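Notes for the one structure printed next.
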Amino acid sequence: MARLRVAVNGFGTIGKRVADAVARQSDLELVGVAKTRPGYEARRAVARGYPLYVAGSGSPEKFAAAGLPVAGRLADLLGKVDVVVDATPEDVGRENRALYEAANVRAVYQGGEEADVAEASFNALGNYDAGRGKRSLRVVSCNTTGIARAAAVLLRWGVERWDVTLVRRAADPAETKRGPINGIVPTLEMPSHHGPDVRTIFPDLPIATTAVVVPTTLMHVHVNHVRLARPPATAADVVATLRSTPRFVVFAPGEGVEGTPQVMEVARDRAGEGGRRSADMMENVLWERGIRLDGRDLYFFQAIHQESIVVPENVDAIRAMFDLAPSKDASIAATDRSLGIAHG
Amino acid sequence: MARLRVAVNGFGTIGKRVADAVARQSDLELVGVAKTRPGYEARRAVARGYPLYVAGSGSPEKFAAAGLPVAGRLADLLGKVDVVVDATPEDVGRENRALYEAANVRAVYQGGEEADVAEASFNALGNYDAGRGKRSLRVVSCNTTGIARAAAVLLRWGVERWDVTLVRRAADPAETKRGPINGIVPTLEMPSHHGPDVRTIFPDLPIATTAVVVPTTLMHVHVNHVRLARPPATAADVVATLRSTPRFVVFAPGEGVEGTPQVMEVARDRAGEGGRRSADMMENVLWERGIRLDGRDLYFFQAIHQESIVVPENVDAIRAMFDLAPSKDASIAATDRSLGIAHG
Amino acid sequence: MARLRVAVNGFGTIGKRVADAVARQSDLELVGVAKTRPGYEARRAVARGYPLYVAGSGSPEKFAAAGLPVAGRLADLLGKVDVVVDATPEDVGRENRALYEAANVRAVYQGGEEADVAEASFNALGNYDAGRGKRSLRVVSCNTTGIARAAAVLLRWGVERWDVTLVRRAADPAETKRGPINGIVPTLEMPSHHGPDVRTIFPDLPIATTAVVVPTTLMHVHVNHVRLARPPATAADVVATLRSTPRFVVFAPGEGVEGTPQVMEVARDRAGEGGRRSADMMENVLWERGIRLDGRDLYFFQAIHQESIVVPENVDAIRAMFDLAPSKDASIAATDRSLGIAHG
Amino acid sequence: MARLRVAVNGFGTIGKRVADAVARQSDLELVGVAKTRPGYEARRAVARGYPLYVAGSGSPEKFAAAGLPVAGRLADLLGKVDVVVDATPEDVGRENRALYEAANVRAVYQGGEEADVAEASFNALGNYDAGRGKRSLRVVSCNTTGIARAAAVLLRWGVERWDVTLVRRAADPAETKRGPINGIVPTLEMPSHHGPDVRTIFPDLPIATTAVVVPTTLMHVHVNHVRLARPPATAADVVATLRSTPRFVVFAPGEGVEGTPQVMEVARDRAGEGGRRSADMMENVLWERGIRLDGRDLYFFQAIHQESIVVPENVDAIRAMFDLAPSKDASIAATDRSLGIAHG
């Protein structure tokens, strides 16, 4: 069977991971990746054998001077594919939309874009079927993805209201220009944009989100309080349900995982086990001791790896758009198997 | 009128500030301070002219070798005072209780001790009158003090339930041994101890607290969601009420105060203005833009300076115990005037 | 005697401190300060009673809207003074030069400007006399000031060569936008600009400087290795010499001062003692145990408070330009007495 | 040919990496690993299929309760091997020495132990042949390994003196208890222990080392100034020599690698390419622009990944002790090929 031809435009934090993930799918073909500058990430594309194209205002001469062979410009790449994953910086995706439409390729955008960049917003556990047949989708941002996955689980018990405090990492690990170095910066816009954003997936979700930014590069942590309509009997039921849901990991007491540093240590430890990509944690991460059920009130922490959590969602978005899988569950299972994503 | 004689045992982060504050009260006399080790803080006591006593297992010879004159041992100091403020490290206060009782001096403990160390827990705005005539009081911890002050304001509108996420600073500025350096550590005990602790002041408060620890040394930040029974008409009413309450500062838009680093910058800027002690922010700090009222749901951030917020509370605790002031408001006004504590 | 009339243009980290310092000199009069935006720092100027002028593209209307009374524009201020201290951001000082010349006022620039912005570069201990009678001076930057002061001491023993590794703070405390949060960034330009810059004070100094940037906001630390021509007998001689030199503090073993966090804690502790401004450490800070003499090789650490170390230098620069003091030592002594600057 | 049987005692930061490395050698057999506590790292050992033994005071019951099958106690493991790599915490290795001797197994210790724990200290590029036939070796610590490798290169040009400032990471990524969070702490013992330690490899090296600790978890950075006796003609010669030496990587201008955060990003990117283990950078890392030759004075930065740099050295130490390789170069080449260690 011919594989669907995929391009990735933007090869930074998200783009390079999506490219790796696409390359591992049996029903997808990574035709090439596009980048504007010949830095270490472009070098990585070449090392992985991904045909490299020059995007935007990039100069092929600079790539040549850096010893990096290029296969053409973004427009050339777009001429060869069925769909492009846009992983360019915030707001650039919208600028690229005309290019993609002119080339008659479908497009998957990231959550840094406004919702109306695409026909629908997407989260695999949340609204896979809404993505079917669409010509464009937007995978919601890392924090919204984490919330949407949790919503997909919690809604079985009825959500009467949901408060989330997002304790956000200030920068990705290699973003050396961003602060703060020492301090906490509240996001004074209230509610934060995450609540409205998750309602692009679950329109009626009674959720209120508030955010602060803190000096760390590893992961976000969400502090949740959910009033359930029909709660399960015990917190252990919540734990069991989460452990049986794809893309959730719940650490047990005694494992020595106290915070996000140990979560990322485990992620590094697992690299190479079961096909997992190095250092990434594509699952929602919870702590068993950090899940408390008090009558109808459920409290829990979850940690979200901002660099990688949307990666499997991008793969599933493509499958939904082109109806490549018989069901949501089949798509998720295929993606997770190929990437070594766990649950448990 | 003879002034009440006060000792401060422990001259670290809290003790040195309480000593300064006591020394500025017209109705209190700072008789001396006690410390175990002759480091830079002991040096500061001498520089300020506070008689220095050797506490616990400390060695007078080591103080002498460091050129620091001492006036005796803790027991000597206790023989000269009416009350001691215990500002020793967590759990040491309880060990000291027998000493204080044997010396027949009343005692003010800090929030690091369990509640039953003293006859009552104390917060000036919260329960000043409960402190009257007591032989021992416990000033609740920095975070609990911040919450109790806010409760004293909010209860006028009826509190149906209150969620607080405490984003906690991991160490004080000079605590170089404590981490984490890069990461977020959730406090997996749920609810965190702060909720039960604030109920030592307001026994029926329907509050749930959850905490995470983040890599900063400056201030805690609380993220609050309160369901009010009888809310005011607008968020502006909340702002106005807070601005007219002692020990609250609300930053306006346009002041350029984005997060805790700028709050502490303002604190440093104000040092020396109106009698304020350097670099401290003894008020609850809020942001006008960070106060949102949505029907009966009130959302707000507040920042708490862990080093200093309990300082005025210790002074008021002494006044309450010995009935030195005609009323709560009079005590608070006297303390705040002497320390340059603002509201507005 | 009529006092020399001084303006301060720029009221940020350096400007606000210089203004305070000028206001405390008996031979200088702070006529006003200028600022472009009505944030918390402008508010501080008003609280201190400094006439406030609107600089550059700033809008008097915005100051009025913020409730901040202004006395005019920068040009008005320049018309009333003999000298302006330019404490504007890097490179803006150069742009301002024409304004100052047109107003026929002398000017003191900061070290963020290139050396040729002024007739000479200046450091009080280093080359006070070179500043006499000049119409413009440039106070060298914080790191260069720290090195120049040390050079003024070390040259008595002959410096054959000097290596400095500058471990630089990445941001000032309130600069929340700057990183890195977790990592070390070497300054790949070698030698760093500090070596050439210190030669604007000591033209023949055989110094090589190298720098790295690290995630802290408190102080820089210099790691020094100096080959001396005629070393003193012991490290204790070096310590004694430093302790008897203005603007040097050497911490003794046993004081418990392990690193820059405790240095800044001491600075906060000393605020209000002997006229010291809050939280600042205007002296070069050394550790007695961190001074080692091995034959002709002297090794030492020194910590430099980037926010304040140049403040006394600006005052002395004005005195030198207008020949207000009988000697270098007299100017330094007057400045230090007024600001509570220690040595010892 | 029968493979040499190897145990790893201690399965933390270093031990787990050494175990992985041993498991990849065709001439070594990883018989088992020992650990005291059943946390996430023990779980990793099981997941990788490494027989797990209980060390020290550890309780087999606790492992069983955590669902982790154990194969026995450390003593059982020692009975089955020819050599043990001791990767236990500092000073525990020395306590273990009697166990190893009683079991008649040879031992490789880590650099946290004093030099006299073993017959010789070891660095592969530095003194491979000194390890031949020894019954015990000590692989020098991460910083000393980095310096020793550089020394092995630089000595061809004659080293007249060498100053190193070590800018040290304060904690490993998952060590959440260690600080400082905001500040620089000088190592007041001068010279730091690194200079004497590197002379366990190169006894006559005229090196002076000084250290500071900074708030980062990623890598150390060394700032070097070397006076060479017979320098090469240009810095480009130094670069070329380093690039042709095993275990050195030199980043070129234009790659966008500015500091340790990007170095570790590249390390993560390369995981899975050419057999590299995730997220590790076992090479000395330099920057081409950060290498300057000024006559006989060579200046350079190098970054050292504290978690992994000693891993290949442990493998080579085993080969040297048992004379498993025909030469130093052959051992290094075999190790590097198996682990995907680059040079260039």
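Should a chain be cited, it is by its letter among A, B, C and D, assigned in written order, with residues numbered from 1 in that chain.
Just so we're on the same page, contacts are C-beta pairs under 8 Å (C-beta built on N, C-alpha and C of every residue); 3 or more make two chains touch, one makes a residue touch a chain.
Small disclaimer: the values here were computed from a predicted structure and weren't measured.
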Quiz item: Which chains contact both chain A and chain C?
Solution: B, D
Quiz item: If every chain is reduced to the average of its C-alpha atoms, which one ends up farthest from chain A?
Solution: C
Exercise. Can you check how far apart chain A and chain B are, centre to centre, with Cα atoms defining each centre and the answer in Å?
Key: 42
Self-check item: Separation of mean Cα positions, chain D and chain B [Å, integer]
Solution: 47
Quiz item: When the centre of a chain is set as the mean of its C-alpha atoms, what distance in Å lies between chain A and chain D?
Solution: 35
Quiz prompt | Multi-chain contact sites of chain D, meaning residues that touch two or more partners | solution = 173, 175-176, 180-183, 185, 215-217, 258-259, 261, 264
Quiz item: What does chain A use to touch chain C in their complex?
Solution: 170-171, 173, 175-183, 185, 215-217
Self-check item: Footprint of chain B on chain A - complex, ascending
Solution: 163, 165, 167, 169, 180, 182-186, 188-191, 208, 210, 212-219, 221, 223, 225, 258-261, 264, 287, 289-290, 292, 297, 299, 301, 303
Quiz prompt | Residue ranges of chain B touching chain C (in the complex, touch as defined) | solution = 16, 37-41, 43-44, 47-48, 62, 65-66, 173-176, 181-182, 217, 251, 254-259, 261-262, 264-266, 268-273, 277-279
